[in-house]
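First chain written, first letter: the chains are A, B, C and D, and each begins at residue 1.
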Amino acid sequence: MNNNGTTFLKMNNVNVFYDSIQALKNISLEVAKSEFVVLIGANGAGKSTLLKSILNIQAPKGSINFKGKELTKLHTDEIVANGISIIPEGHLIFNSMSVLENLQLGTYHGKKKEQSIENIFGYFPILRERKEQTAGTLSGGEQQMLSIGRGLLSDPELILVDEPSLGLAPKIVNDIFDILVKLNNVGYTILLSEQNAKKSLEIADRAYVLETGNIVMEGQADDLLNDEEIKDAYLGGSI
Amino acid sequence: MSSTLMYFLGFSMTYILMAWSIYLPYRVKHLHFLAVATMAVTSYMGGILSVNFGWSFLPTLLLSIVIGALISYLISHTIGNAPTFTVVIVGITFVFIIKTAIENTDYLGGTIGLFGIPVLDHPLIILFAFLLVIGYFLYRIDHSRIGRAASVIFTDENLAKSMGIKPKQIGMLFQTISGGIAGSAGVFYAFFVGSLFPDFFTFHLIGTLMTILFIGGYTTMWGVIPAALILRGVPMILPSSIASWRLLIYGVLLVAIIATKPKGLITKKMLWELLKKRSGS
Amino acid sequence: MRKYVAKFILIMLLIFAFGSMTFAQDEVAVDTWEIHFLNSVTGPIASIGEYMSWSANYAAAKINEEGGIRGKPVEIVIHDTGVQPDKGIEEMSKIVDDVLVVMGPVPEAVIMAAVPLAVRNGLFCMTSSTSYEYTVEYFPWTLSWYPPTEEKLPPVTELWAEENPEMEKVVQFVEKWAAWPGMAGAHTIGLNNKNVKVIDVEVPKDAVEFSSLVVKALAEDPDGFVLTCNPDKAGKIIKELVNRGWEEKDNILVFSSADDTALYTTGGDALNGISIYNYIDPDSENERWLNFKQEYKEDHDGKNPGSLATNYYDSVYMIKEAIEEGKLTGDPAKLAEERIKIRDYCRNVENFKGIQITWSMNEGLPTSKPIFLFEIIDGEKQLIGKSR
Amino acid sequence: MEFFIAQVLNGLSLGSIYVLLVTGFNLMLLVAKIIQFAYPQFVVISMYATWAVLRATNNVILAILVTIVVSIFLNLLSEPIFRRITSIKGTDINATFVASIGLSMVLVEIMSHSLNQGFPISFSDNWVGGSVFRYGIINISRSSIFAWVGGIIVVVAFFYLLYRTMVGRLFRAIAENRHVAKLFGIPIFKTSIMSYLIAGLLGGFIALLLSMLIGTASPWLGESVALKVLAVSIVAGLGNLKGGLFVGLALGVVESVAIGYVAGSWSNVIAFVIMLIVILAKPKGLFGAAVE
């Protein structure tokens, strides 16, 4: 679990409020280096909020520790500079800018800028072909690739991936998940939030289950995959 | 009653009326400075009607309300749900055009101004009665379905649309009423002051009305009342050497209030709590 | 309770009796003569307002050095109206019940808004900086410092036309503000009398850049120019004319209201050789004037007094004379009566010794006041002639 | 024809100034999310700074430096106020507009009360410069050449910055979607400060060019200019940088040509009437608004 004797990511008793509504309740969660952890839960369970609280976008109360640093005291850009990046829901990118410019923006916190963009083109050759094109004109899958590529460019150690399958065709979803596995294999730590429980449990090491802002269950992905309750609530023969 | 007090009250009430005409459309985020242009139009119309055609006050007032509402109604077809700054610039542009038109029309006195308008014998009583009527009218609108719909539009126009509220209809309605109130304010100004000057209806008036509205508070119709009384009253008792810095003080107050209490001194919430306390005790 | 009331009445009666005794001897009832001045020291004419306040205060200081008015010091109380009519009414309403006389208001817009209030309350306004046309409406509660525009101005443009007989057609830059279009009309009358054709070009009030306007004027192919617009606009237009190659400088005439510091700062060297008229004789050898000018320059970075600078100086002195000649007391009980005394004195003063010239008034109108025509050389006015 | 050409040339000089002003205004609108109505007032105060330095030292280089520093300083000084306002929950961009009107009132009052006793200031002839080329009534002055060339250089430099540098990409990213930019770790605060800085730099250049072109400044110069800048931005589409270039230049030309053919005071109305018609017909502007 430990790297250099310190925890990698550790959330302790985190609460998040939107105005008077509590979106996250006493969340405690750990992710070890090089681990692939998935958050599953229904729409509105608080998965996205949890990821955003790590980046201090939804101001969290409690403690979030990353490699010995307290994240709740840092601004989002400082957190990103410390090695966490997010691949947001709905493959958000800057539509009016070119593919290349989106990637260049991604390198803002990165170190070897030119070289890393070449690396991304290695992962996603299609982006090299389209690099002068306006990002808004890409297909959904290509936009997701761009979004992932951009997320890698800030030299992150931990990648937060928010609902990557949303609104994409099953074939493309498979591709995206393959990429995530590949990234995990080369050493990136991944915290994935995903509604598609079956597929994500199949590729993850560990999982947390969220319900209305609470963590209701946690464990090894394989165990959860076979858990009756989980089967009923989230797998329910859907896929 | 001393002249000072009478003019203080008269001007304050006129400004409350003017500020109300800006307040209502701001319920749906429209800074409707077309109202200022409307005041210019109806005050001059009132002046001409009374000086050259011998009209008395009441018919002039009624006509000006109709004309004021009509102007705003016509324009509201295009800016009834336009973005805030489009409404702002349309209003200011109209103010500028109307002012230039007056300045270049000798019949209206040009840059010299129009004067000799017979002033009201008992302006304060008439103004006060009229304020009560308009105040009651505004109160009813604020506390009706339309008023509540306006509050939703103010917070989130898309949410309002999803609830079946039609922002354009409400925007048009408020702009039209604003035009009517502004129309009456123009005539009151003319019959209270007795002379008209094109430079009055400019940026300066816009700035003053904004100061009154935002310092008093735009979430409730009551805010402009103390604001008008204080902002116009305090400079009257200050020595002239300080009072001549009035606009600077307005400007500082405006920035300060937006940076600390952006909803103004008097807010709806505050009034609610006051009301609750009273009924509780 | 009743006892107190009785006592109170008794005391009041005593005071009243004592008071009327002294008043009967026309003794001054005030410690200081407060002269209220409705001026515009902020807003678009703040710079003119400043020097008018300065000269009123200067006059008061001089009077106090010389022993005051009927032995009591005089104090000028400035009210700022910022050129806003409603502010003017407010300021007028503060004083209309109490004061003996008021100087101003300034300028025309405020006069028309606030003077009716003074008229209703029988208060005389020394409107000493405005054209006849704006004040005649309120006679006898105002006076006109200048003769009617259409009588006083044509002679001076005639004089200018005589000095430059080669001119057949001139362009007049007119800014439509207050009395200026009327003055422009009067300029035209004089020039037409000398068979000079006048083409008016209107100057927008909010113009900041004048190349387009000057191109338009030059396209008329004129022999000269008259500038009836605000001082810094006049300066800029002349500069633009010179930049575009205009050489006959004495064929440019600037009207009196533009004879102000801003003209000289914006016009600079381009003004060299142009003509200008006003009511101040800068070569006057009157000692009071020389002192005035010197102190004015000391307080204003060495700039010369503007064309309206002496008006309220003279007005303060005229009020002083009215109080002294009429043996006024300043007693509130006699307010209405003394207000009328001041009014009638000022409106019909004879051989009033102004800071530069001596003149008389007849029913609120000056009977003899010259206009001077100058040429500007190195920023100083050199007298060419005098009308009337 | 000669007459028309002369008027168009005049209009282009004035138009260059409008273009620069509206560019600075739009930049702050896009990046800092404020309606900075007082921006032209900062330019006017910077002109007072130019004037004061020239009068005291007659040193042109010092005057240019001081003008730019003053302009940047004023813009940066306003940043905490606007940041404070935009950070209050439940406020929107309207609040920044109201506050900037307040700021504008304060600046006008300070200028009319305290600077040069309220008198307009005037720049010396060797600052303004004379005529460079003359043909009939066509006249090209040194200052209009500065306005054209300066305008082009500054606009090209600005667009280079916007499209070819990291700072420019950060600006455009925040302009397109502030929320996403924040998610991606773009430093909103630092970039926003940067936009004030660049608007300030731009303002300094504008002050210099304007002082040469019109040769004077008065406390009331900023008010009418501010109105036109807001109008240009809206006619082009709020925050539309490229549209602003076109409409700003067009306004200058329309104003000049109108003066040539219409009586004085009405000429300004023509420009406003045209803008009004455009706004009423297309409330979101000719080229589409970049912000709501």
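Some points to look at:
Following the convention adopted for this analysis, contacts are C-beta pairs under 8 Å (C-beta built on N, C-alpha and C of every residue); 3 or more make two chains touch, one makes a residue touch a chain.
Note that this is a predicted model, so its numbers are computed, not measured.
Touch-path distance (fewest steps) from chain A to chain C is 2. Of all chains shown, the one whose average CA position lies nearest the global CA mean is D.
Using the average of C-alpha coordinates as each chain's centre, A ends up farthest from chain D. A count of C-beta contacts for the chain pairs B-C and C-D puts C-D on top. Separating the centre of chain B from that of chain C, both taken as means of CA atoms, is a distance of 36 Å.
Put simply, the C-alpha centre of chain C and that of chain D have 38 angstrom between them.
Separation between the centroids of chain B and chain D, computed from CA atoms only, is 30 Å. With each centre defined as the average position of its C-alpha atoms, the distance from chain A to chain D rounds to 43 Å. Among the residues of chain D, those in touch with two or more other chains are 109, 113, 263, 265, 268. In chain C, 42, 176, 205 are the positions where the chain touches two or more neighbouring chains simultaneously. Within chain B, contacts with two or more other chains are made by residues 103-104, 244-245, 247.
By the definition of touch given earlier, these chain pairs are in contact: A-D, B-C, B-D, C-D. Residue ranges on chain D touching chain A, taken from their complex, read 166, 169-170, 172-173, 176-177, 180, 182-190.
Interface residues of chain B, counted against chain D in their complex, comprise 29, 31, 75, 78-79, 82-86, 88-90, 92-94, 96-97, 100-101, 103-104, 203, 207, 210-211, 214, 244-245, 247-248, 250-255, 258-259, 262-263. Across the complex, chain D is touched by residues 42-44, 46-47, 50, 174-176, 201-209, 211-213, 215-216, 218-219, 232, 235-236, 239, 243-245, 261-262, 265-266, 268-270, 300 of chain C. Remark: chain A residues 52, 55, 57, 75-77, 79-81, 85-86, 88, 92-97, 101, 104-106, 108-109, 150, 154 touch chain D in the complex.
The part of chain B that touches chain C in the complex is made up of residues 2-4, 6-8, 11, 103-104, 110-113, 115-116, 119, 193-197, 199-200, 204, 236, 240-241, 243-247.
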